[in-house]
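In the two complexes that follow, chain A is the common piece, with chain B as its partner first and chain C second.
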Partner chain A sequence: MLELRNINAHYGHSQVLYDISLDVKQGEFVTIIGANGAGKSTLMKVIMGLVPVSSGTLLFKGQEIGSAKAWDRAGLKIAYVPEGRRVFGELTVAENLKIGGWNEPPAELPRRLEKVMAIFPRLGERLNQAARTMSGGEQQMLAIGRALMRDPELLLVDEISMGLMPILVNRCFEVMKQLNEQGTTILLVEQNARKALGAAGRGYVLETGHIVLAGSARDLQNDEAVKRAYLGG
Partner chain B sequence: MFFQQIVNGIVVGSVYALTAMGATLVYGIMRILDISNAGAYALGAYISFFFLLQTGNPLVAVVMGVALTAVFGFIVQKFLYAPLMDKSPNVALIAGIGLFIFLQDFLRLVGGPQARELNFGAMLPSVRLPGLGLTLYGTWFLILGATAVLLLVLWYLLNRSTVGLAWRATAQDLETAKAMGINTNRVVAFNFILGYGFAAVAGILVGILYNSIYPMMGDVPAYKMLAVIVLGGLGNPLGTVLAALVIGMAETLIGGYVGFFLPRDAIAFVVLILILLWRPQGLLGRRRVS
Partner chain C sequence: MYEQVVAINVGLAMLLAMSLNIITGFAGQPTLGHAAFYGIGAYTSALLTAKAGWPFFLALPAAGAMAALVGVLLGLFSVRVREDFLAVTTIGINFVVVAIFQYVQLFGASLGLAVPKPEFLGVRFGNTEILGLLILLNALVYLFMRHLPNSWLGLALGGVRNDEEAAASLGYNADHYKVFAFTIGTFIAGMTGSVYAHFMGFISSTDFAFPVSIGVLSMAVLGGLGSVTGPLIGALILTLAPEVFRFVSDYRMLVYGGLLVLMMRFQPQGLVGDDSYLQRLWTKIRGRREEGKANAG
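Right after this comes the complex of A and B.
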């Protein structure tokens, strides 16, 4: 479904990603783990179209999208949960969700809204509240709910566990597993390697802009180097 | 006398609100102080003057002035600001100042250095209310009416329409808005069209109010609109209206009653400094936590 071939990318003048090749097949749950500053978020932005590709090929369902605008990629049903949630704080929860379904067929939206509120009942209770008045956990729910309004085929998730209480982290991982079982393809970037490898089927390890290791989540969990570097021994 | 000053203050404040609205909208999305918006203010008045000379029809003159200035805004965004967006905001600021100076000199070359009459005012009647010691000029009704209608339309557009939702989302977080499927290039273009249209309306109305336009007419608005925008809380349209009324009222009341050892145009900045000491984020600004 998603295919990256020899992708290089820069942030300003400095190169952040080197020769990245990876693929995510339809229905998979894939995670990319790595330390802070390894280039994980940049990789997500490259896929979403927020950071330009310097060279290499980026394919979505066989179609080259490397030079497509971010909003056109969203139209292809790629949805994005950004690092740090990035909800529109001054807008209400309902408006945030409406923006999540931007340019989607209007007839579809009520059904999707129902679905989001079924997953996160808290959002339903707070539809008319400004997003900035909610707790961090609620904002994370909103960021996920906003992405689900697109009914995405590919869901890009950047750091879901950051700054959340463990109980909420668990809830978010549960939701992602459910979505994946229902057919949504997921690519998750995560610092919490233990959680990420527990949920995903396959994983990649990103170090200073290079993919250094790839394999099934189970193999990575048992890999000595991964254990040492990311799973705390 | 007192009522006269109050009405005066509201009229002046309305003009400031219109003048600063264009740059407020631009700042809201682009986070740059668009000085060339004050050039659009003069440009709109001159285009309007040109069409008044050619057609003798005030409506055609106003519509053409606003429409062509709005188109100019689109061009400025596309060819001046868009290529500079990945540079430091100072680069865009200086480019804007450059364009402003260019526009002033362009108008002087084309229209001559002398002041011209934008003579719609004589067509509008005045009303005297001797009981209150008040004279209401026809141009005031025009300005208050136009300001009220335009601000209501703007409020509706920003807060109740789909385009407005895209505007508010883009103003808060352009990158995320993009990722959510909003064509932010279109939002930015719309923003400049609207912002420069507002500047043109303000320039035309001020030209009518004082029955005079001249190439440097954007000078005082260029810095006074900065005071209004900063006081309003940077890029907040409602804050801009409030700040404009506060400054307009302060100028007429302090200038009229207290007298002042400073020129009248300096009062805006004294007010700005005093209010910022009390509320550094401006009247309706929110403290940004970064």
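Right after this comes the complex of A and C.
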């Protein structure tokens, strides 16, 4: 479904991603783990078109999308939950969700809204509240909900656990697993390697802009180097 | 009549404040040179009617279009620079535009331009007709503003203002919306300038100088940037204040500057913006009244 071949990316003159190749197949739950500053978020932004590709091929369903702008890529049924949630603080929960359904068939929106509220009943209770007045966990739910309004085939999630209480982290992971079981392909970038490998089927390890290891989540969990570097033992 | 003239000034100020609100309030793009577009509209309309013999009702939209043309250019520029640079650039545009009016012979240079009173279907426009036109224009712009927050366009502008990158990832082309806001906002300012020129009968470059821009910004900030009714209330207060209190007129810039500082410090959402003291008070009173009604019934 998603295929990256020898992707390089820069911020100005400094190279952040080196020769990244990875693929995500339909229906998979794939995670990319790595330390702070490894280039995980940049990789997400490259896939979303928020950071330009310097060289390499970026394919979605066999179609080259590397040169398409971010706003053109969103029409491709790829949705993105950005790091740090990035909800529209001044807008209400309802408006945040509505914004997510931009360019989608209007007749579909009520059904999708109901689906989002079924997954996160809390959002339904707070529809008219400004997003900035909600807790971090609620904002994370809103960020996921906003992405789901697009009814994505591929969901990109950047650091879902950041700044959340453990109980909410668990809830978010449950939701992702549930979505995956219902057919949404998920690519999750995560610092919390233990949680991420627990949920995903396959994983990649990203270190200073290079993919250094790839394999099934189970193999990675048992890999000595991964254990030492990311699983604390 | 004195009241009529004051009402006309309020009407002009309201249009300017609403038009600035589209750019700065809804799209989040700081503009400190809004009077430039007001002036471009005024001079365009003055030249078209006085020198080219156009009827006022053609010159009015043409004035808006000319201002919007420069507005589009500024909008295209705005997508390439950070907000602080944009603020400085808009100040620069204001000074350049005023200097052109001041020194170019076509614009009457320092002598200014005489503007003919408009005529429509044989009726010569006095203050009453001008006021009627302003009420109509205000109503139209107000309806647009009221509808805006609930429309896709309003949501898109809100998204872009709040978080451009997140909005882009959701499929919003932030650049388009910024340029669009500049186009609409400067178009309205240009039309307002046209009405001003024909109301005054005479214009000169200082009518559109930097302090006028700050005045308009103060109105929008006082009422509440990004709120629908805020700019109207700000325009009303700041236009009436110098009429009621003479000293405000003498120390206009001091009052504007002081207001901007105080509002930013204590009430950045404006007098009637979302979650302002007044709005919360109003919600409370209304809640109580409804409670009272419920108890009585």
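Following the convention adopted for this analysis, the second predicted complex is superposed on the first by the 233 of 233 C-alpha atoms of A that agree within 3 Å, B and C clash if a C-alpha of one lies under 4 Å from a C-alpha of the other, contacts with A are read in each partner's own complex, and residues count from 1 in each chain.
Note that contacts are C-beta pairs under 8 Å (C-beta built on N, C-alpha and C of every residue); 3 or more make two chains touch, one makes a residue touch a chain.
Quantities reported herein were computed from a predicted structural model and do not represent experimental measurements.
Once chain A is used to superpose the two complexes, chain B occupies space that clashes with chain C. Applying the stated contact rule after C-alpha superposition, one finds that A:130 touches chain C and leaves chain B untouched. In the superposed pair of complexes, A:75 makes contact with chain B and with chain C alike. Applying the stated contact rule after C-alpha superposition, one finds that A:165 touches neither chain B nor chain C.
With both structures placed on the common chain, the touch criterion links A:99 to chain B and to chain C.
Contact with both chain B and chain C is seen for A:91 once the two complexes are overlaid on the shared chain.
After overlaying the two complexes on the shared chain, residue contacts for A:48 are found with chain B and with chain C alike. In the overlay built on the shared chain, the residue A:146 is in contact with chain B and with chain C. Residues 48-50, 69-71, 74-75, 80, 82, 86, 88-91, 95, 98-100, 102-103, 146, 150 of chain A are contacted both by chain B in one complex and by chain C in the other.
Contact residues of chain A toward chain C in the complex are 48-50, 69-72, 74-75, 79-80, 82, 86-91, 95, 98-100, 102-103, 130, 146, 150. Interface of chain A with chain B (complex): residues 48-50, 69-71, 74-75, 80, 82, 86, 88-91, 95, 98-100, 102-103, 146, 150.
Chain B contributes residues 165-166, 168-169, 172-173, 175-185 to its touches with chain A in the complex. If you check the complex, the residues on chain C that touch chain A are 152, 155-156, 158-159, 161-163, 165-174, 226, 274-275.
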